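A, B, C and D are the chain letters, set down in written order, and residue numbers restart from 1 in every chain.
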């Protein structure tokens, strides 16, 4: 941390700040510049809130230096982590690109089994589908619950696909973990720290979606919550952020892919369905995401999007998904990776 | 809902959309304009996802007409709701302006009791203080838990202040409700629908903070979740949103006050502490919020902000809080209300 | 500036960065922390782009310390600047609160003269009205041009109000300066540096609106452009920013008022008309802005908003403006200032 | 346009709105729904401001239906436009992908000629370089002016590359047009309507960068300004937007590529240098942009980024640019296009 003093800060103000920093267990190193004094605080106390020093007289601002996360960073582990998922142990983060696809919600057995076979044939390695749905609107369809999980498990048996589904509450973490291969933390729950811990404790791989206004550091701190519970199987997932743009439901910031690769060892997937909100944009954003270096995709596919109970506007038909997968495969190969 | 067809959309495309709308139980009313056809859908089916119609051939876009919430809106109740809180039954929404103040976290008995008396004397009617803290960083102080609640209850006995504290998880809702007068849903949990329902079911008044990237409609839909559980005691709270601005921790959009007053019957408070993140801005934003017509404030006050365990940078000292309350009182009176 | 090296950066990488910094004419001061080395660069070279150092091997990031503006900051001038405007020399920045009001565009002589008298009677000290209009849509009404300026000047003669109007292009700066008392730089032109200089060179007071995604530093740097041309009569104006919110046309971040007061000596006005985009919100945001400590307001008033050629949705009628001014006056007095 | 009336709006309020709409020359079509009345306004009056109707009693909101631009839309021209640029007439929009590269600023003859040859060899078809620089900071390097243009022209003679450079002010449009093949409107000037017209009138192809908080419609309306002056040679360019993200200088929203392709006939390029602000992200965003379907790229390349006078942090070295072009070429081919 660097504490920047105001121009003209008095010696006793500097001394007071030095004392506050030292009370935190950090060493201090004042530097007297041409226009102002700055005080460097040396030591690793990431878990202490240093912003109260802003209140000390004569302080202009606090500048953090260390990233607030550690286990999720390359400081701790320089080489990429690999997370094996599903019956076939697909190795996310290994260089192979894995695609998870399926409907937003499990609506009924017929729908899900049909989609599962379709996405498997197109080259997906995972099956998504919600059994417990977070709905902004309290009157909307909220999912089938455990029967939905059973259908997902049946689809896995038929296809070998890794089942990915969202955990909505602490109370359901164990239940979902019984059926699923990859437990999803949804964007709305990225800051739900109780849930992060409950899911971590199942010991299952976790797909952590970025909150739609989460900063980069907050995203990795959410991963840190899971890692700090002893569960190392974290896969990040970018799903778009809130901005002023209205031609999309969310703005998909693909530069997070190289940013994660530079600072963290964790794999990162991209969700172009939520990341745009419009089916017509999804194929181009699938191509872009893998070209950017994402470790995989998670894509909504529905046999009849016009009648989907949830997220119909952004679901691909199996046909369009199949074509998209062919394009994705060619791009993956063009950058020297495999699907 | 209005469905806007693309220019040159064919009759059979229009017919197909008409069919999709009618399947939803809505009546249709096509209008043939100079440049394109639009189809009005008549009826109230707020809980049906209509966006899948975007996928139908020839459709350009869907324009919703009805607000997605109903119980929270003036359609259902034209006059303002009043929510009585605490031992003295302070009536939020009645025209009186109520101020809740206290530390971010309950750190120890001495700290809390001292602050409680100080804010009481300055004119506050409620006491805030966190016993369970949501921390972005897994290594930070997470609150005292139940002993913190006991200290809050003791402070209430001594001062008569209404106790406000956050509920972090479904499992703690009943426990917190035993001690607190007003249960807070934090910004990070505004979309945590399980928690909204659990808190609603305690039957206690709820202070619902806006998520930091929540839209207006999403904010009122979160209130709708609570209202639809039969709990009518909902108080909204604006606490700032994420924007590109960096001289503040959050951008405080006070125009939400007249917007809520126009569309909803629910009271609305403002949190200038989280809404700015810097103590020096809090007094002016307290004044601005009540001038804008807010039904109250919730303000962080700490006896020693430089040493606060959480949110020290945005906490007022009791002295500054006292001065701010005098200014707030004069403004409240200038606009014909009472504190 | 502080250069933060990556963990494990090598000595020769540190040496290379030291060399790059010294080439800029700055002194260096390396600090060896527990986790990484940081290099403080000492000296005032605000005008040198230091970010290329990011490219040097082993560098994690660059942290600027000095604000990029100097003349606009309190470093140069600690007490508030006062800018005298119009025939009566109204002193913006002196503690008195000044209100400028009038239509978005000068539409015809009758409209403008009527509004001028109305706003004068309500207590305004300035008259606004556009003669050259920036229109996002090339097919819209673009203003009356010089005849519009003549009407404004006539209104000044009749009322004594200070005339405020926008300068759209370098070529019109001299012309507008002949007629107006306060030259407005619109939000869309805040980054139009040629225009900033041309307007500065007229020697007239300048009302500088914040660009709708400008950062705090960019806003003050735009002021710095004018100040660095030798024109010290700069009044800042907040008019709302682009965010994800859609119930407003712009989000009005009033915390910029205390932020400007802390870091700059320049006066700051608030424009609640553009700052919200909806007439029904304007009175409460007028109240809030003066309560926050703004030095004045600029408000759109039109005798017949339903038929206004521009910005009708956000214009007050003279009646509503008159009532708002009474409320504003009471708040101004409540905080110990005068209107 | 659709006017949505409040629930319970009275007949005379509906009649008043009908009258206001008919005064605009539009036909009206009221629809009486279950909860409220909406009034459809039929006819094409894109250039009339309809928002004043919001002020009429009983009106809840106005919903526009037609896009505000016409010449830039597919309504006017369904097939893609091709814009031929430079000595070789490279056809942007034809399906071939064109890359423009070069330094942010022309610093001296040696620097520019060296880069020109390097980017030519790597496969670029255009050369970028600023002679007039828009600088947020008034004390920064502002470019060489006309001598910079002469150096660009010399580089074109030696390499055959199309010269692209920014026009900063109306006064320089003709001068720049004498030397350059493609006139750039920078992001800060996207709303500078005088400049749009001046550049349009040169008759040269125009590269129009999106303003950093411009909406989709505002971006296409800026193009409309140029088209409505009779200049059909407009190429759009996405260069990133302002959001809450801080690990990038701008957030690059690649979904604008399919959005433009769906609604407009104009070609669109992507600028991954400004679109991220960090050189290490540029190669992956170049790959992503062409995978998304962009018609080309504009990339900053500098022989010695550590010493670049401007934008050094985001400039690629010629070596990295060369490697990136090989990856870009493979992706272009993978999606069935050519570089």
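Operating definition for what follows: a contact is a pair of C-beta atoms (placed from the backbone, for glycine too) under 8 Å apart; a residue touches a chain by one contact, two chains touch by 3 or more.
Computed from a prediction, not measured in an experiment: that's the story for all the values here.
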Contact-graph separation of chain B and chain D, given in steps at minimum: 1
Same or different residue numbers at the chain A/chain B copy interface, by half rule: same
For chain A paired with chain B, centre-to-centre distance based on mean C-alpha positions, whole Å: 26
Rounded Å distance between chain B and chain C, as computed from the means of their C-alpha atoms: 31
Shared-contact residues (touching 2 or more other chains) in chain C: 213, 241-244, 246
Chain A - residues contacting chain C, complex: 2, 4, 7, 29, 31, 33-36, 38, 40, 42-44, 63, 65-66, 74-75, 242-244, 246
Footprint of chain A on chain D - complex, ascending: 213, 215-216, 241, 243-248, 251-259, 262, 275-276, 280-281, 284-285, 287-293, 327, 330-331, 333-335
Chain C partner contacts - residues on chain D that touch it in the complex: 20, 23, 46-47, 49, 51-56, 62, 68, 134-141, 168-171, 188-189, 191-194, 212-213, 218, 221-222, 224-225, 228, 241-242, 278-279, 305-313, 315
